[in-house]
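We just call them A, B, C and D in the order they show up, numbering each chain from 1.
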Amino acid sequence: MEYTIDELMAVTMARLIKDGDVVFHGVASPLPMVAARLAKLTHAPNSIYFAGTGGGMNPEPPFMATMTQDAVLFEGAEAILTVDYIFNLAARGEMDVMFFSGGQIDKYGNLNNTLIGSIDDIKVKLPGGAGGANLSCEVNKFIIWTTRHRKRVSSSGREIYTLVEKVDFITSTGFYEGGDSRERLGIHGGGPYKTVTELGVFGFDEETKIMKLETIHPDVTVDDIIENTMFKPIIPDDVEVTAPPTEDELEILREKVDPTGVRKVEFPKDELKRKFEL
Amino acid sequence: MGIYPEPNKLMALEEAAELVKDGDIVAFGGALSVREPIAFIRELIRQGVKNLHTVGTAHGFDIDLAVGGGIVGVVQNTYVGFEFDFGLAPNFRRAVEQGKVVSKEDGCNSLIYGLRAAALGVPFLPHLNFETSDIMKLHPEFKKFKCPITGQTLIAIPALEPDVAILHARLADKKGNAVIAKPYVADILMARASKKTIITAEKVVDKLGKEPHIPYFEVAAVVEVPFGAHPTALYPDYTYDKDHIAEYIRLSRSPETFREYLDKYVYGPESHEEYLKLIDTEKLKNWKTW
Amino acid sequence: MGIYPEPNKLMALEEAAELVKDGDIVAFGGALSVREPIAFIRELIRQGVKNLHTVGTAHGFDIDLAVGGGIVGVVQNTYVGFEFDFGLAPNFRRAVEQGKVVSKEDGCNSLIYGLRAAALGVPFLPHLNFETSDIMKLHPEFKKFKCPITGQTLIAIPALEPDVAILHARLADKKGNAVIAKPYVADILMARASKKTIITAEKVVDKLGKEPHIPYFEVAAVVEVPFGAHPTALYPDYTYDKDHIAEYIRLSRSPETFREYLDKYVYGPESHEEYLKLIDTEKLKNWKTW
Amino acid sequence: MEYTIDELMAVTMARLIKDGDVVFHGVASPLPMVAARLAKLTHAPNSIYFAGTGGGMNPEPPFMATMTQDAVLFEGAEAILTVDYIFNLAARGEMDVMFFSGGQIDKYGNLNNTLIGSIDDIKVKLPGGAGGANLSCEVNKFIIWTTRHRKRVSSSGREIYTLVEKVDFITSTGFYEGGDSRERLGIHGGGPYKTVTELGVFGFDEETKIMKLETIHPDVTVDDIIENTMFKPIIPDDVEVTAPPTEDELEILREKVDPTGVRKVEFPKDELKRKFEL
């Protein structure tokens, strides 16, 4: 039996959700959507899933949507909550898991969804961080994901990284300047918990709060990680391979959660050609 | 602050749009791919209002069209883009990068706190500290202060009172009592926070027959506009028009090509009825085929 | 702060009442003559919990019974009494005048601001100045401060997080999703502000079939108690039992006569079913004869 | 055609409501309830009436209730609002008219609904001011009413006044210590507007903010006012008689608004014997 990178990422992200967790994601979040729903249908049946700012509580969609406000995300929902109500859970310390991505992600897990360049000289206006600026300072933990870890080359020949030394603009706060800098300022919430990319999974070093490689995906080497990461992540001596999905997880993912393959839209086409043997 | 006790507020789109003035702070209802008041925005573009300051959470087509139509000066939404269907918002992005529109990007919760302060009638609300976010740099009006109870650092978010909220409803009566539709997003809060609310509705009836989401006294004008959210969705009546958005994105690649879009869909049609003739409304109504 | 993800919270009245501890801050739902969780309060009296601190807006029978039953230490409601039907609350008044219960009378809006601060997860909310009211003297926890935005004097109302909200619903499922009934008063806010919510419901069903007012994750326990608000009303199911209240008022004229009431209606019945045999429930159900 | 004191007070209070006003009252308020509804059916059809904390918006009850949470107050209501939402109107300066009463009312219109005696020595615990403490500092104007203006004698032989020199406890703020004392502290709202009693109607002197007699009811003399009022109200040279109800108002009041006579429950029995000729 084979599986693909989108499936590996979805399952890896799902497994970070514990039973009973309150789980939320924002706009443009196919993988978190799929992961949250998969967790609920596998090991975390009592997790509480708010399907984006549309506010569907524990929906049972027959398939997933590219758009977070799609009607399918209200199918079978136990309630439809207003967005302000959901955000209050975070400030109360009741939002266990959120998922954030970023156009740039730095070694402390700070995220940039706002602009490339500077405030006074905006090279690229990104869509914006939505709830991230506030919620990253409130939720119990957040999981960073990106399907664009691999560096690429711009039309002008410059190398472009997603995982950068320093973000151009901190939209969502990770471990800020590292160490206890976040805690010292009285920022609430636990900060970033893991970073899941198409190459591997990182945690954060307990003391320095720098990203620390935990696992690499089956067709990835530690050198691939180093080459595609602008900053120097902490790399332990023994880096294991990311645990594969189970057959059960794959079946539920493919048949019940996301039969139309919405999870794939986040990936560059070439990534989807990667196949792994179960 | 505004109370509208009048029993009949039904008016034409043209007349309602005149209630929006140059420089107004406006809150469009809905979000991203749903229930945005697009017919109203087309009318605002035709009337050529200037320098609007938009506020809201994650939006897309509404803001991009308004920016492309030249009626926006400041965007305080927390996200402006399409999702993984069509990606970045082309007109918005271009205008900000060229310095023609100011992006005063906000966080969803701080934006909501501003609206909520206005709704509560207090000068500010205290938000948990997020001073580490550079979003603070875009908002000199947010002030760090010490909590008078606990001493902790908090951020004072001043009341943000839109001059007008424009919400697209499923049903309304002539007084303005309105039933919106899932998802409700921040519409109810926007109505309460704003000086006045304009309701565009799929259908205006004499008696609602159900509890309104928006009570009439917040509403200054009611306009009947079937398919008024097109090309965004209004569930369960009609879905997001991906074909239309694809055409929009294609024509948005430069200001020159975007002029074609405006000519065809905004300036061209004599009326909203004429606009609807350009759309395959039957297809959009019969979306629920899964 | 509390999240209750469990799928089955259905329990007996006795078991649910054990979740309320001596000294807890408790918010009873409903108001005055409607939808107060009286069956639950009778059980609390039987269990002999001590020194509860009640919070809420204008209430009547619930607080007076709880005070008469000896389970209350502090009353932070904004009004405790009957209306022009039966006047002053006899047990409450006596206990406060004799110094047995502390009246920490609050204003409706300041009380709500405290609950709202807890619901929002912020340490306080700024209320418009009311320093001229002597209610401030009963609340040393309310602090005057200068608005960091405008400089005006405001009153900081600290978060008021009840240990438990006890709400009587019309319908609930086993998880705790609950449909209350008009008037909603402050129930929804109480559920959101409290560490846990206990729902007593007229009926517990497998599937609600409609949108809940209270989402299940706020709810720690669900109890099925038909006529659970009696002698207060639950519209449209049953009305306020004036005959019962008249008997209550008569027997409340002294602690000795009130013991008769408690023996007959609280300590006497072996179960809630037995209690209901003392009541003409048919008459109460057929109230809508106007 | 005859009319009675309850009818005169209801009509007088109703006439203080202007068309388009937002009108609210609290608990235990039969006369305000009747007045608000009467205004809406006569000269103020576009007034916006919230029927107490039950939250019924513009109900059309076939009769009135003694209890402010009674189901009849939701009959025909256009919406049922939550109590916190209604209160916000006041802070926003959008609540035009409220009605407050008090166990004690002083010359500046401060109201005591909390206790007789002192905080440390409570002789009588009154039911409480409900929303008054906050809302009296917010609403555009409030109307004070009482059906207990007449002094009475306690069991111990002491004279008891409702209209007192100084309240034992300020629950709701009137013009505080008079003059500009209220305004100077930055208290919002316009304060008390009129006081309507079973003997007459007072306004407030523009400068001193002391209660100033405006009209007396048909069977009342200025001496009656002086004798039953502990403080010295301002009494102008020409005090007119309170304008009588019109036949229309009486008919609508009796037939449509309050056919069961709920307005009468606030009055001592003897007061209801007073009859006036139209």
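In this section, contacts are C-beta pairs under 8 Å (C-beta built on N, C-alpha and C of every residue); 3 or more make two chains touch, one makes a residue touch a chain.
Here the structure is a predicted model, which means the values were calculated and not measured.
**Q** Could you work out how many touching-chain steps separate chain A from chain C at minimum?
**A** So the least number of steps between the two chains is 1.
**Q** Using each chain's Cα centroid, which is most distant from the centroid of chain A?
**A** If we average the C-alpha coordinates per chain, D ends up farthest from chain A.
**Q** Check B-D against C-D and say which one is joined by more contacting C-beta pairs.
**A** When the contacts at B-D and C-D are counted, C-D has more.
**Q** Suppose each chain is reduced to the average of its Cα coordinates; what separation in Å results between chain A and chain D?
**A** 59
**Q** As a quick test, compute the distance in whole Å between the mean CA positions of chain B and chain D.
**A** Chain centroid spacing, chain B to chain D, equals 43 Å.
**Q** Go ahead and note the Å separation of the Cα centroids belonging to chain C and chain D.
**A** The computed centroid separation for chain C versus chain D comes out at 28 Å.
**Q** Once you find the CA centre of chain B and the CA centre of chain C, what distance in Å lies between them?
**A** Chain centres of chain B and chain C, defined by C-alpha means, are spaced 40 Å apart.
**Q** Which residues of chain A are in contact with two or more other chains?
**A** Residues 80, 90-91, 138 of chain A each touch two or more of the other chains.
**Q** Where in chain B do residues touch at least two different other chains?
**A** As it turns out, chain B has residues touching two or more other chains at 121-122, 127-128, 152.
**Q** If each protein chain is taken as a node and each touching pair as an edge, is the resulting graph a line, ring, star, complete or other?
**A** Contact pattern: none of line, ring, star or complete.
**Q** Dump the list of chain pairs that touch, please.
**A** Inter-chain contacts occur between A-B, A-C, B-C, B-D, C-D.
**Q** Could you please specify the touching residues of chain B with respect to chain D in the complex?
**A** Against chain D, the touching part of chain B is residues 1-3, 5-7, 119-122, 177, 192, 211-212, 215-217.
**Q** Quick one: in the complex, what on chain A touches chain C?
**A** Within the complex, chain A touches chain C at residues 19-20, 22, 45-48, 57, 78-81, 85, 88-94, 138.
**Q** For the complex, give me every residue of chain C touching chain B.
**A** For chain C paired with chain B, touching residues are 121-128, 141, 143, 145, 147-150, 152, 154, 156, 158.
**Q** Can you tell me which positions in chain A touch chain B when the two form their complex?
**A** Touching chain B: residues 26-28, 30, 53-56, 62-63, 66-72, 74, 80, 82-84, 87, 90-91, 113-115, 119, 122-138, 169-173, 176, 182, 185-188, 265-266 of chain A.
**Q** Quick check on the complex: what are the chain B residues that touch chain A?
**A** 30-34, 57-58, 77-81, 83-85, 88-89, 92-93, 96-97, 103, 105-110, 112, 116, 127-135, 137-138, 152-153, 182-186, 188-189, 233, 235-236, 239-240, 288, 290
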